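For clarity, chains are labelled A, B and C in written order, and residue numbers in each chain start from 1.
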Amino acid sequence: MSTVEQRSAAVARRREIGEVVLAVENVELRFGGVTALADVSFDVRRGEIRAIIGPNGAGKSSMLNVINGFYQPQQGTIVWKGRRLRRMRPHFAAKSGIARTFQNIALFRGMTTLDNIMTGRILKMRASLLEQAVYFGRARREELEHRAFVEKIIDFLEIQHIRTTPVGKLPYGLQKRVELARALAMEPELLLLDEPMAGMNLEEKEDMVRFILDVNEEFGTTVILIEHDMGVVMDISDRVVVLDHGRLLADGTPDEVSRDPRVIEAYLGVVHD
Amino acid sequence: MEVLDLVLFEPVRGILDAPLFFVEVLIGGLMSGVMYALVALGFVLIFKASGVFNFAQGSMVLFAALFFVGFMDAGVPMWLAFLLTLAVMVVLAFAVERMVLRPLVNQPAITLFMATIGITFFLDGLGQAIWGSDVRRLDVGIPEDPIIVADIFINQFDLFAAVICGTLVAVLALFFQYTPTGRALRAVADDHQAAMSVGIPLSTVWTIVWVVAGIVGLVAGIMWGAKLGVQFNLSLIALKALPALILGGLTSVPGAIVGGLVIGAGEKVAEVFWGEVLGGAIEDWFAYVLAMVFLLIRPEGLFGEKIIERV
Amino acid sequence: MIYRETGQFKTSYAADQAVLRLREDRIGLAVILLLAYVAIPLLASEYWLSTIMLPFLIYALAALGLNILTGYAGQLSLGTGGFMATGAFAAYKLATAFPGLDFVVVLILSGAITAAVGVLFGLPSLRIKGFYLAVATLAAQFFLLWLYNKIPWFTNYSASGVISAPTRTALGIPVTGFEASVTAKYLFVLIVVTLLSLAAKNMTRLEVGRSWMAIRDMDIAAEIIGIRPLTAKLTAFAVSSFYCGIAGALWAFSHTGAVEALAFDIGVSFRVLFMIIIGGLGTILGNYLGAAFIVLLPIFLNNALLGLGMQEAVAMASHLEAMIMGALIVFFLIVEPHGLARLWQIGKEKLRKWPFPY
């Protein structure tokens, strides 16, 4: 896939980008004396691919953790689908359509690929414990319905052959893919991806980029992406947030951001001509 | 109302009516607390250096006591019996490191915990298979008659135990603080991988710490055995060091001491003043329920380090 | 190539979701059920039924309960004995208060009562994990046993302390106490165990089981996909205690015929824990393998030592038993954490390829 083609894809998609769906406003997060995020604000529009970049320790993962409620910021608000929230809760985030993957893969290692992805459907299941014990009625119907849905995701991500393999035994690249599958099984409106391509070889990276673009285009899923590979970030994201030492350094289109001298300095330490 | 009065106020009145008796009970409790502390100390050493929650510490106490009393009954002089048992505990430490810890390195903590439950059963079985399961009297020549201080009866044996425990703690503190081995142990306790990367051999450190825990177990075994006779029950009594440990915090030596004292004194006072109202023998569970309630309020224990969870 | 999936195509997800997906497995299970329901009652002596089969089945049920909590949900418990005692005494109080009540109803109610007690003692699991929780469950073990031992209400103010379980009927057939035949007791226990095993298999492979395993494998990730740790852990405690409670009630009513707290001491808790470690954590089959192993081991050792003409064979056998169990725990934790059940699976894998090496 050439850069030009991807750019034009991004341009084509931009027409579908809608209203602001998520906004973080003046978020401040401290751990004891360490300030992880200081007065950070930015917004995300429906349907866009939004990248967060920055050097190590800039607070990128902490930002995702604030968005899906794992960390409670000391100050600031989150506006999610029109609701102003002082703080997010993980359960509420999951229920209202936020899914995520982790930098250090957070799969359920003792379970098979299929079971791992099926856990993404748990919030949509209603059968009681008793119905499940006898595998009858709603329990059976739901299990089969959701199995069919999950199989579609398995086909989409091309992981049919590892369906019944315990994920602990899978190679790194496939584990990343299964984790994406589990997040997709939740049918999220907003997908938080924490370094989905870290540690991958070129071929695996290309696959992953293709999946992210497909998800974004076919399902209209909004994506927030943390990534170190600048080529990928510049190619596929619509807008980029740059964090450095917990502060917002720059915010704009890939072109704007990549020309910003402060960004160049933070990234390379010296200003290049 | 009557029940409430019986449970809440009557025992308190009992305490106020006989303050001297209360103090005696309290001191008696503190003294058995010293014994719990001795066992808990062994737990803390191993946990600090290897992150292993050693369920078998109580069994090591029984195991050491069985060998010690066995040698003494066979006519071996006491100092030699002590040395021989020490040798047994060293062999045990090597065996545990080689056959249990090393193959299980990098396994989840809970797996290692279950493995130490396995060691517990193995040691209980082995000790009794060699020495039999009869109760054996152990006399190491500590006087048992009480002395009277300001109208309060104090058991000399208990005093002696307290002194031994104090000495042991002091020696251990010096060992940890001032010897190269002690420094290595502290380094490993802080960070396994970092310690390994500067060339501290993990397996040696683990063996040493199990040897030290074995010595602590031997001392505890001799004290417990001299007090109650050497018998299988020791292994169960030593289990009460677990709540003491939880109370004090898993990583703290002073915590183990304070935890032991609190558990010992608490359960004695509870038994003497509340036991009757509640049906007796509440010593059986008091320590555990106290620890459980405490866990809910302060999971890291009195002196433990707070655990911060990160993603 | 005796055992293989080749040629057995699944054309619907329903067929693919079946408990036993392969024809060979279905035949195998049918044979085992035939043996258990027909051959054993016809052929086995009363001695065999009462000293081996009954304890085996009831222990397997308790192991199933503990495995749900520890093997599937990852919450280590040393309080199994206390929960079994709760089931036994709940059944005793119910059976004596309502003598006409069908024993099936008594069992279900005692299971439900134990489930409630289990949830109560499971509450600390929300704040504490691992060995901390294990120590907290020791509180359940010691406190509950003390309760039933010391509070006379639980034994209906009996003077002797040892109370015998009364005879009660299920669908009109006596299945407990001294008036019931051993065969009736055996078949009744077998039916209960069969049904509860099927229920456990279903729960562990559906939503609730997946949420248990998710909590076990990585509780933070589980929370972020919307599993509530509170609900998942407490359901595990409830279901686990329900099973243990029924096992305790059956132990007192259908096996020993005596309701006494001391029959459920901490030794029982450890024995059941060993069954699931040796049998296989997080498997259903492992509970039977582990229970069979732990029930048969002392009998085997006793006979072997007697056969060698050893004096004090009984005491020695119990010491040897402790040593062997301890050594096996360590062995399985190191070599095969999934226990005997995993070995069985490896065996099947071999059969699949036989006579070729791969």
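Definition applied: a contact is a pair of C-beta atoms (placed from the backbone, for glycine too) under 8 Å apart; a residue touches a chain by one contact, two chains touch by 3 or more.
No experiment lies behind these values; they were computed from the predicted model shown.
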Chain occupying the middle, per Cα centroid: C
Maximum centroid distance from chain A, chain identifier (CA atoms): B
Centre distance in Å when chain B and chain C are each reduced to the mean of their C-alpha atoms: 32
Chain A and chain B have mean C-alpha positions lying a whole-number Å distance apart equal to 49
Geometric centre distance via CA averages, chain C-chain A, whole Å: 42
Would you please write down the residue numbers of chain B that are in contact with two or more other chains? 311
By the touch rule stated above, which residues of chain C touch at least two different other chains? 220
At which residue positions does chain A touch at least two other chains? 70, 102, 106
As the complex stands, chain C meets chain B at residues 74, 76, 123-124, 127-128, 130-132, 134-136, 138-139, 141-143, 145-146, 149-151, 220, 266, 270, 273-274, 277, 315-316, 318-330, 333-334, 337
Residue positions on chain B within touch of chain C in the complex are 53, 55, 99-100, 103-104, 107, 109-111, 113-115, 117-126, 128-129, 132-133, 236, 239, 242-243, 246, 278-282, 284-285, 288-289, 291-292, 295-296, 299, 309, 311
Along chain A, where are the residues that touch chain C in the complex? 68, 70, 90-91, 93-95, 99-100, 102, 106-111, 115, 118-123, 125, 127, 129, 132-135, 139-140, 142-144, 147-148, 151, 182-183, 186
Considering only the defined contacts, which chain C positions touch chain A in the complex? 13-14, 16-17, 199, 202-203, 206-208, 210-211, 213-214, 216-218, 220-228, 235, 239, 282
